[in-house]
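Please read through the structure below; I'll follow up with questions.
Letters A, B, C and D mark the chains in the order given here, with residues in each chain numbered from 1 onward.
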Amino acid sequence: MESLIGGLVAAPLLGAAVLLTGGRRLDRSGHWLGTALAGLSFVFAAVLFFDMLGKDAEERTLTSHLFSWVPVEGFQADVAFQLDQLSMTFVLLVTSVGSLIHLYSVGYMAHDERRRRFFGYLNLFMGAMLLLVLADNYLLLYVGWEGVGLASFLLIGFWQHKPSAATAAKKAFIVNRVGDVGLAIAIFLMFTTFGSFAFSAVLDEQVAAGAGQATLTGIGLMLLLAACGKSAQVPLQSWLGDAMEGPTPVSALIHAATMVTAGVYLVVRSADIFNLTPDAQLVVTIVGAASLLFGAFVACAKDDIKKSLAGSTMSQIGYMMLAAGLGPIGYVFAIMHLVTHGFFKAGLFLGAGSVMHAMNDEVDMRRYGALRRHMPVTFVTFGLAYLAIIGFPGLSGFFSKDEIIYAAFAKGGTQGWILGGVTLLGAALTAYYMTRMMLLTFFGEKRWQPDAAGREPHPHEAPRVMTIPMIVLAVGSVGAGAYFSLGERFAHWLEPVTGLGHEEAPLSHGMVSLAATAVMLIGVAGAWAQYGRRPVPLVAPAGRWVTRAARRDLLQDDFNHAVLVRPGNYLTRGLVYVDHKLVDGVVNGTAAAFGGLSGRLRRVQNGFARSYAVSMFGGAAVLVAATLLMRAV
Amino acid sequence: MSFPLLTATAVAPALGAVVTAAVPSARRTAAKWTALAFSLITVGLAAAVLIRFEPGGDRYQLTESHSWIADFGVRYELGVDGIAVAMVALTAVIVPFLIGAGWNDADHAQDAPAARRWRPTQGFFALILMVEAMVVMSFMATDVFLFYIFFEAMLIPLYFLIGGFGDRAGEHPESEQAKQRSYAAVKFLLYNLAGGLVMLAAVIGLYVVAADDLAGGGTFSLQTLVEARASGELTFAESTERWLFLGFFFAFAIKAPLWPVHTWLPNAMGESTAPVAVLITAVVDKVGTFAMLRFCLGLFPEASVWATPVVLVLALVSIVYGALLALGQRDMKRLIAYASISHFGFIILGIFAMTSQGQSGATLYMINHGVATAALMLVAGFLISRRGSRLIGDYGGVQKTAPLLAGTFLVAGLATLSLPGTGPFVSEFLVLVGTFSRYPVAGIVACTGIVLAALYVLILYQRTMTGPVTEAAGKMRDLRPRELAVVTPLIALLIFLGVFPKPLTDIVNPAVNHTMSDVGKTDPAPAELEARK
Amino acid sequence: MSPENYLYLSALLFTIGACGVLIRRNAIVVFMCIELMLNAANLALVAFSRMHGNLDGQIAAFFVMVVAAAEVVVGLAIIVMLYRSRHSASVDDASLMKL
Amino acid sequence: MSSDVSSLVTLAQTEPVFPEIQWAALSPTLIVLGAATLGILVEAFVPRRARYATQLVLSVLALAAAFSAVIVLAVGDYGTSEALIAGAGAIAVDGPALFLQGVLALVALVSVFLFAERRLDPAEHGRPVDSFAAQPAALPGGPAEQQAVRAGWMTTDVFPLLLFATGGMMIFPAANDLLVLFIALEVLSLPLYMLCALARRRRLLSQEAAVKYFLLGAFASAFLLFGIALLYGYAGSLGYARIAAVIGGTPPELDPALAATMGNDALLLIGGAMVLMGLLFKVGAVPFHMWTPDVYQGAPTPVTGFMAAATKVAAFGALLRLLYVVLPGLRWDWEPVLWGVAILSMVAGAVIAITQTDVKRLLAYSSIAHSGFILAGVIAVSPDGVSSALFYLAAYSFVTLGAFAVVTLVRDPQGEATHLSKWAGLGRRSPLLAGVFALFLLAFAGIPLTSGFAGKFAVFRAAADAGAMGLVVVGVAASAIAAFFYVRVIVLMFFSDPQPGGPSVVIPSPLTVSVVGLAAVVTLVLGIAPQYFLDLAGQAGVFVQQAAATAR
């Protein structure tokens, strides 16, 4: 069984290697090869899953040591895997959603001449993501962490000929790099504190308790920084919106369902450290809450369907992060929301992709409208995912989100009320922006516009290879929450890894559900009032400053530009000047000084023999005087 | 007497240089193949060294020792430890690629009317081999004087390579270009010569002290000196040791190059052809960092510890400063040069962190940086040769017309920014961990280098390779088979070193342990373990 | 008369000679000043010889005279040659080479 | 000599004793001087047509024989255990003397080849010409000269002149008596003054060089002589051994009557300083260096080469003997002064050379800087110091000869193209020649694997060993500055494009080729495998001190 873990990672990586180096020979069959290997990975995952189910809860962890990677005095890094319930959850999510999206891409990218490479990158992503969740130490996790970043970079910038795509790709990578530094420093701290960074050595409450509080908080905050980068949480959120430049399947897989949730994985994985450092936990919840609102605001204002969904993703991950920051009570639900979100958000993106596909790649929702009749399958699957995300009772989002809201209230005291309030406000906003999206896209009047080339859109349903994944995901969106929640099945599944907390909130479960449903309805109603009843203008009205700011992603880029980019530019330009004029100037100046000195001194050699004689005479005099003086002293 | 394998490894390229230079003017293709053949023979010999070397064995192996200039106490002493073996292997491996990459670089000079007697092509390859021979020699020398000789002598062929075979592509007209080129060559030579002369004073000082203390009279034998130090037979006055250390370190810092004596590198790399630029940064400069490890730490451990704070600060400045300046460059070769300065900062940081991880990391870094820069610079050279401009702004959209070129450029760039899975990641991480465990603040400051590296590499990639296809890129040819043959193995090597560096660490670790015990330092124990005690 | 006085004279002559070399322009005169310096040295030698009571100094003086004569031969030849091609015996005129 | 001569005079009344002259030990010098005299006779009696060949053969044979004699003496351990003071105390035959005489004989031999080169310029009036004027006394280009050329008057008398100078130089470092020192100085100087004036081209410069050299040289020798007189006054003797003994406070027999005049320190110090100054003039140390650039530039290049190489060897030899044998007791007095001179020479030589535009002047300033480097070894006052200076001199003299030999080959229609701008691109036209010149420049700069490095290392090591680390540091700094202008020339030759109408490189006769070749080989051999020669110099590192060591 253990060797299957290696196969799980190897299959997509092999696919990536073959597809990226195989050359044009594979242009015609490469996408199927990629999809098959992703599917193979899913099969391995399923086998492992059922094998795991057959064991006792406490004995489910599998480890597999492949080889010693970097053995240096006192520093042992191995390539070794650990498969426990938490990783299993991710493995299943990644391989299943990943395989579906591979399939979807076969249709979506059918006309792209670089399709083979696209599948190579997708496979690379899957391999790296699996490496990330299967690693048994933080360094190997780091490899996967940056690996998914690379894949993300490659896929966002897949249409490299568009400057915007290339810029977005670069931005994503660099912002992520900032987060990666956090992970790196966390690993340094672990190494200097525990002499190791293997999960088995570090993630042990007793061991961790031996370290000082400050160290633990430091590790926690650095891990959080890493998570912020990868999961687009405040303050490293700015790349996600731009990342939508990538092809839509990429947005669905990487920037909605899997990669961006790696931050949550990291926090939950490091539960044993966070549990010991309330300060870091508090910061995690704050970051989660801030991102939750930030994303939701942005999502409300965007007219670009994908960017609005991106805001939504950020907001939903904010939920997860907030939950993860709450400690054992929240871990399980963070992961649960992560899984359900993986289904419905992937479904939403695929739906959006389908719509764009039909509308000549138009992304402005104000130019959609009345698409429900033309694209029934898309409409239904999108609609189900919509109901799931807004937390319609009985669907996936309802279960996972309500648990998070409950856990937030359970934090207790003022903090509990604030966090609970934020989560409820988030729920209302979610309902608002999703309803708005639904109305603008599928209802109302046709507002279709010819594209830049003057072609009128002729919307049509997507081919089956695209609709099947959408349908499967819709089923997940509808059923997963209920399935997981029944008898706290999911909680018990994860409990051996994350632990489970039971704390009483000031509000009962029922009251929370009621409140959540109520605010959801308010949100829906608000959107209906604004977009359902009235015709939608083709060009967005100017709006108030809040709206304008939200449209500009709450000025995040302006802020970064003013605080980082522009001073950075001045700094580099200044340094180039300094290097040239000062550092090099000293060198050249020395040379020039000697040249000048030389020019002066050579004038002494004036050609007159008598002045030479003077020099000699003077020299002799000095010689004599000095000798005498030397004796006198 | 056994076969002098080390001597043979150095003699092979030297012989190759002579033979290549002797090839008649008209048969320049023969000259190229001759040079390649000799460089491959050198690879074979280096491989033999690698095979004969036993990682767990004596500190210096395959030693050769003959009297040379008895009057100066100079012996012809060669020997390799794990670090030297790795560096010799790097040098031997890189050079054939340089020859392959520079296959036609000198031909244009030969087409000039006055050049028939000059034979630039023959000269170009002969000089490259000559540099190789001298670099290999300086890695293997275990006699300070012998080392010094080759440390200095290698400047001369390099000087001719920089000044005589410049990059034709530049922002200036040809005459201005020639001026820039000779400025770069002169600056390179004088800078390094000045460093070398300062070192000469220190070498002499070392001899004088040794002559006073040692029963056997003055000597330059590294082993003898280190042993005498350990046994207390040889003692330095505190200030003497510091001065001597500074003399050595200054020379190595210039060669490495360390801020603020780095300014020759961008000029030299910018103006020379890509293979020569690689030769400088990937191979020759490594002698500087290598020598810090072997001579500064080995001979003057106490002074090294004394100087550590300052050196660390300089290394950190190099890291950040080099990266920021790389960001500010318009010329892609200068950009790579500044990036190298940043990377050399990491190497020196690792050496002077005085931890096993740091020093192992620094050694690996030397190897990895050599390979990564070689890949990046050579691909950049291929790109430049197509358009005839070094300016980043002159390119755009290359990936559309030359996807292989763009792809290899990207992979090399990613290796340069230390992406996990490539060799540089392993070494950079080790350096950072090693630094952090003793100097947390330094480790964190160095981390900014990680982010900045991503910036300058990706901006370079974005500006040249992506975006709409520019006129320049429109007719661009993708990599030729020769070029592909040069780049592919380098990239494969980078990935191999990233995924399975164990063979290398196994060789390097014992040598690092020796160095650590020379310096008398042990790794800091994990805080949690300490607390438990 | 004390022989020391001859020494003072010799020092005086030497100084006069040296100053002459520095001051005079005509190559012949400069040369004569140098001869004066040589002869000052001769005088000193002889005076010391007398003081020490051995003959070394006096013999040396003879040698110096011979050498000085040889010097005159060479010197005059060179100066005359210079005069021929420049029509000037001024030392200062011979200043083509400088810097 | 003189002290014994005087005793001879006083003793003559009782019994006639003839001083024993060790002819064999003096043979190298005697051979050269004899050949020089013979050369004069050749000028007088051999037909004009045969003179060139006769003189050439004579000179070569004489110098070769002198060199062989040196070898024979050295093999006979005259350099070490059998060292003696020959000629009744006048001339030392010891390690340094033999070593330097050997070097001088070789340098002169090689210089003869340069003197004899007759293929550089096109023949005039059907007769091959060399670097020297047919009739230097005649007006340049005037009818008298034309006639002289047509008549085939060749200046074959340069060979005896060279031999005389060489003879003087060979005595100079061996002189063990101040009077001999002075005579040797004049014997070596006078022919050189004349040789300087003999250039066939650029006669005005040549004459100017001769006048300057002559006047300043005579001026310096006057100082030297006065210094000798003062030292005589101090010690009552001209012999080195006796003076050293008086300085050391252990005169063998002290006449109480003389106590008043002897041992007057002022005489000693002033005299010593003035003698020192005379020798420093010859080695071209700052501030007595100012003749060097002008003379080097103006003299015919073969003469410059000979002068630069040989004079420096001879003068340093004499300086070493004086400081080590006569004045070691005064070490604390002269050492600081020489420190100053050495530092000034190194720095000023290197700095001023930076802006030079003429190859010969550049080499002149370079030689000034090198004087400073050698002085650093001299100051060490140890056998190592002596042997390092000897080695340096040997290495330096051949590099210098080679460099000037190359200069004779780079010509344009006006003769030698010594202006640096004309050397642009030489490396592309004549890579081999430029390469060899670059080798010489690198040796000057002290790059490893050349003789210059070995020499510099030896000298600096000796200085450091003697505690003069400060001098080493200055020397290193000066080397760095000096590297600048050597490199500048290399840049010019290799990295500049050739100028149209620039100079061409003449294909010389085997004579010059052998000079350049030999110099290059010596440069490399002394750089790569210097051990044998270091041993030689090491064995030659001890001066014979006392007359007591005289062979009985």
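Keep this in mind: a contact is a pair of C-beta atoms (placed from the backbone, for glycine too) under 8 Å apart; a residue touches a chain by one contact, two chains touch by 3 or more.
Note that the structure is predicted; figures quoted are calculated from it, not measured.
Chains that touch both chain A and chain D are the following: B, C. Comparing per-chain C-alpha centres with the mean over every protein C-alpha atom, the closest match is chain B. Taking the mean of C-alpha positions as each chain's centre, the chain lying farthest from the centre of chain D is A. Between A-B and A-C, more C-beta contact pairs are found at A-B. Averaging Cα coordinates per chain places chain A and chain B 37 Å apart.
Taking each chain's centre as the average of its CA atoms, chain A and chain C sit 96 Å apart. Chain centres here are Cα means. That of chain B falls 65 Å from that of chain C. Chain C and chain D have Cα centroids lying 24 Å from one another. Looking at chain B, one finds that residues 190 touch two or more other chains.
Across the assembly, chain D contributes residues 211-212, 215, 219, 223, 293-294, 484 that each touch 2 or more other chains. In chain C, 18, 21, 30, 91, 94-98 are the positions where the chain touches two or more neighbouring chains simultaneously.
Looking at which chains touch one another, you get A-B, A-C, A-D, B-D, C-D. Every residue of chain D that touches chain A in the complex is listed here, in rising order: 211-212, 215-216, 219-220, 223, 265-266, 269-270, 272-274, 276-277, 280-281, 286-288, 290-291, 293-294, 332-334, 336-337, 340, 348, 351-356, 481, 484.
Touching chain C in their complex are the following residues of chain A: 602-603, 605-610, 613-614, 617. Chain contact summary for the complex, chain B toward chain D: residues 67-72, 114-115, 117-119, 148-150, 152-153, 155-156, 159-160, 163-164, 178, 181-182, 185-186, 189-190, 193-194, 197-198, 200-201, 204-205, 207-208, 211. Contact residues on chain A toward chain B in their complex (touch as defined above): 20, 67-75, 139, 142-143, 145-147, 150, 153, 157, 160-163, 165-167, 169-170, 173-174, 177-178, 180-181, 184-185, 187-189, 191-196, 207, 210-212, 215, 568, 571-573, 575-576, 579, 583-584, 586-587, 591.
Chain B meets chain A in the complex at residues 187, 190-191, 259-260, 262-263, 321, 324-325, 327-329, 356-357, 360-361, 397, 399-400, 407, 414, 419-421, 425-426, 429-430, 432-433, 436-437, 440, 443-444, 447-448, 450-451, 454-455, 458-459, 461-462, 465-469, 499-502, 505-506, 509, 512-513, 516, 523-529, 531-532.
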